[in-house]
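Note that the chains take the letters A, B and C in the order they are written out, and that residue 1 is the start of every chain.
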Amino acid sequence: MGVKLLLEKANVPGIRTYDVYRREGGYSAAEKALKEMSIEAIVEEVKKSGLRGRGGAGFPAGMKWSFIAKPEGVPRHLVCNADESEPGTFKDRYLMEFLPHLLLEGLLISSFALGSNDTYIYIRGEYAWVADILEEAIQEAAKNGWLGKNILGTGFDCMIHVHLGAGAYICGEETALIESLEGKRGNPRIKPPFPAIQGLWLRPTVVNNVETLAAVVPIIKMGGDEYAKIGVGRSTGTKLISACGNINKPGVYEIDMTISVEDFIYSDEYCGGIANGKKLKACIPGGSSVPILPANLLLKTAKGETRYMNYESLSDGGFATGSMMGSGGFIILDEDQCIVKNTLTLARFYRHESCGQCSPCREGTGWMEKILQKIESGKGEVSDIDLLWDIQRKIEGNTICPLGDAAAWPVAAAIRHFRDEFEWHINNRELSQTSNFGLQHYADPIHVPA
Amino acid sequence: MSLEFNNEQMTEFKRLVARYPEGKQKSALLPVLHLAQDSFGGWLPTEAMDHVAVLLNIEPIEVYEVATFYSMYNLKPVGKFVFEVCQTGPCMISGSENIIAYIQQQLAIKPGETTKDGIFTLKLVECLGACGYAPMMQVGKIYREHLTKEKVDAIIAEYRMQVAAQN
Amino acid sequence: MSEQTLFKVTVDNITIEVPAGTTILQAARQIGGTVAPPAMCYYSKLQGSGGKCRTCLVEVSKGSEKDPRPMPKLVASCRTTVMDGMEVKNITSEKVVEARAGVVEFLLLNHPLDCPICDQAGECHLQDLSFEHGKSGTRYEFQRRTFKKHDLGKHIQLHMTRCILCYRCVFTADQLTNKREHGILDRGDHAEIATHIEKSLDNEFIGNVIDVCPVGALTDKTFRFKNRVWFLKPMDAHRDCPSCSGRVTLWNRGDEVYRVTARKDQWGEIEDTPDGKPGWICNSCRFDKKQTTDWVIEGPREISRQSVIAQGHYAGNIGTTIPTETFAAINNGRTPHLLMDIHSESEVNQPNIHLGENEGPSNSATFNNNINNA
């Protein structure tokens, strides 16, 4: 069993309630932070922990906190990004659903450290029932003196508010989230200014992911140095992975980042192997926007080394032969899955979710979807593959926000690693409508543990 | 048609607005639109949006802009139960297409349509964050996960029963 | 006034000094010529505009004197302020030229290319942009996007298919009128300009959306299909207007005033009035004052010689003369002969078909239907 820092108590009956959470040692980190630690000391512990943003970008959380401007007389805000919408990702939902008080405790400590008296949880509208759980937990916490005025007699006031989104992936982007929280369309802002200077209502704002903020609790409990000892290199602590697709045991797993990808997929403790005795074909290891990897590059890096479930190892080889840790949405595709079709559904997703502000994303995502649709339905030309490649290249890096990149990468990686499958689709127009390319892709037999 | 919140809904409205600082009441727009949609039959007629604009002291166009941006707001009438079936990657590889086809067949409607009796609407949506429990759909607040044909049958029957019980 | 801090910035190897806080685009415009990146959505007179169209992307090859690292991505020059010692590459960067060609292609992807019947033709920024940075063909082979028609009232004609979603008209309504009634509805590739409730726009200053629109999406209904801009003579004129500066450009043919617009500078933006404020004009000046007697005419407006509008105007006024020889005279008696008769080559340009009636872009397939309906 690996180390569990976040989900350790997830299976304790009634842990969702304040009483059980408290009995199990909950809110002791908040007590420690608010009563015994200075603001600087808390930020320092988070910095020392090496905690990286768990939303997808992996930006060091402590550093993000240190950027926040502190102009005299201007309120600051912490906003929790619970707009989890990246296909393949459902870890935050799990955490909020089962351990709402863990998030609240993390939010309280972080609000204290950042000086946020009004902290918002921006939760995606579809998670309305999770929002209800959070609201209930907030009421419990307030009743027990953990939220409200003069918390623990420290003079610190803090209230946590739940803000329900209404169906827009783009609101996971922090400035779009802020716009949405201001009651506007979720159009990402043009940066600079960054939220740390001018965020919510033009006040200094920090936006952190649910898992990031929950991780502050164990960091304060054990100290940043101890936290940093878990894991490897710059991948410190534990990470929640939401595993889905064609595996025996889909679900949310907490891993310390020393486990190999192969162990994660095939061990009974985690994914339990590929479902229905099928073979592994490919994997999108960090949420739909990160590059898809064929099985051979997933289990081993291009250098032939074992690939591990951490930031560095998953991105080993860059986009040429590697991928990204991303949000931890781990999508497994078995031998029966069609890469063209999978890429098409993702392209459709990004077209659907583009806010439409900037031209490369607004026009490019729809164009890619149409071409993929054409190839998938057996009407493609070989030149379409090159056209797709060229379009994604012209979107990537040229848009206001990372949605453009997120739309471009899956298409690029699919072509990069599975060009032969695209060509097969095009050259076998009728056959491709009834049968599957399967695993022909691999010249070498892939090692599949018994 | 004049649409206005009743007393109970006004109380909820005030609770939502109170979350935001003085003068920032526009921030409550998304939650208030949810309240309006729930209060006025599952969708947002123009009158409902205008009412929200008046309450929040903003221009109606600001409400229309927002209501048309987010996918959860229905701008046309919908059935009593809206089947929002996820069709994105992870659900697709777990067989969402078969489920969508089956629902279409059972309810004799296409995506975006409502059954003649006004009970069901089928809506195809993108990732709802239940990828590990695919295929899935959302009905109201509830996630219906690990869908099979049998489960779909049971869900349809369940809602039909509910409607019958109310009549 | 205290002395302003000046920053040295180099754009395409030309160095100038600009006050701190100046954007790269504004600095480049001060240098002028091809150094200035094109801008489709940025409008210096509209607060908050810019950053969206991505045509003004430039490469920052040196961040500043202090931190010389290049910026990792191309940046929107309209929204990026200069740093001291910054070095910027516009058309000297291959990356920029390629990205810009990409943006032009994206902007034209769903554009109907109905320039032959578009009132904006000749003064359309998208036309200019395509001419300069675009490719001659399209790689898009799908049905182009169309929209439901919306009526914005008796003054303003909306052609949503031509819109590039620059948001300028939204900012205009926000900043010039007390009550915005139109906006961006829906999202992504089906986002559109509309009022949602089919309301007509009649605020006294709403007509300015026509002037800020970079394409033919918002045009003057009182001028619709009346004439081509290059056949008109732009004249600067003014009147004593109670609600606006009253400083306009009249677009005349003979004694007839076909159209009234605000005066525009070389970047296509509203000129400032002598007191330094943007010279927005009111609806009354724009739509109602269509007699030369309504105006004090100052004289012909100087138009850039590169502009289509400059063709064939002002004999004697700005130093050009109309040639007196006929084509035959300078061509040894040969009369010009048609390379091809367009009507025998294409079904599109049938003289009896009204292109404006077409929902989408015209091609032979849609045309056959149209002919049958005509």
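Here is the rule we use: a residue touches a chain if its C-beta (ideal position, glycine included) is under 8 Å from a C-beta of that chain, and two chains touch if they have at least 3 such contacts.
Source: prediction; values computed, not measured.
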Subject >> Comparison of A-C and B-C by number of C-beta pairs in contact, larger one >> reply: A-C
Original post:
Measuring from the mean of all protein Cα atoms shown, which chain centre lies nearest?
Top reply: A
Original post:
Approximately how many whole Å separate the CA-defined centres of subunit A and subunit B?
Top reply: 25
Subject >> Geometric centre distance via CA averages, subunit C-subunit B, whole Å >> reply: 41
Subject >> Numbers and ranges of subunit A residues touching at least 2 other chains >> reply: 168, 185, 352-353, 355
Original post:
Do you know which subunit B residues sit against two or more other chains?
Top reply: 62, 65, 69
Original post:
Can you list the residues of subunit C that touch 2 or more other chains?
Top reply: 184, 186-187
**OP:** Flag every residue of subunit A that touches subunit C in the complex, lowest number first.
**Re:** 168, 185, 190, 351-360, 362-367, 370, 387, 394-395, 397-400
Subject >> subunit A partner contacts - residues on subunit B that touch it in the complex >> reply: 19-21, 24, 26-31, 33-34, 56, 58, 62, 65-66, 69-73, 87-90, 92-94, 125-134, 138, 141-143
Original post:
For the complex, which residues does subunit C have touching subunit B?
Top reply: 179-187, 195-197
Subject >> Residue ranges of subunit C touching subunit A (in the complex, touch as defined) >> reply: 50-55, 57, 73-74, 76, 79, 98-99, 102-103, 105-107, 109-110, 139-140, 142, 164-165, 167, 184, 186-191
**OP:** Would you tell me which residues of subunit A are touching subunit B in their complex?
**Re:** 75, 84-90, 92-93, 118, 120, 124-129, 132, 161, 163-169, 180-186, 201, 242-246, 250-252, 284, 288, 329, 331, 333, 337, 341-342, 345-346, 348-349, 352-353, 355
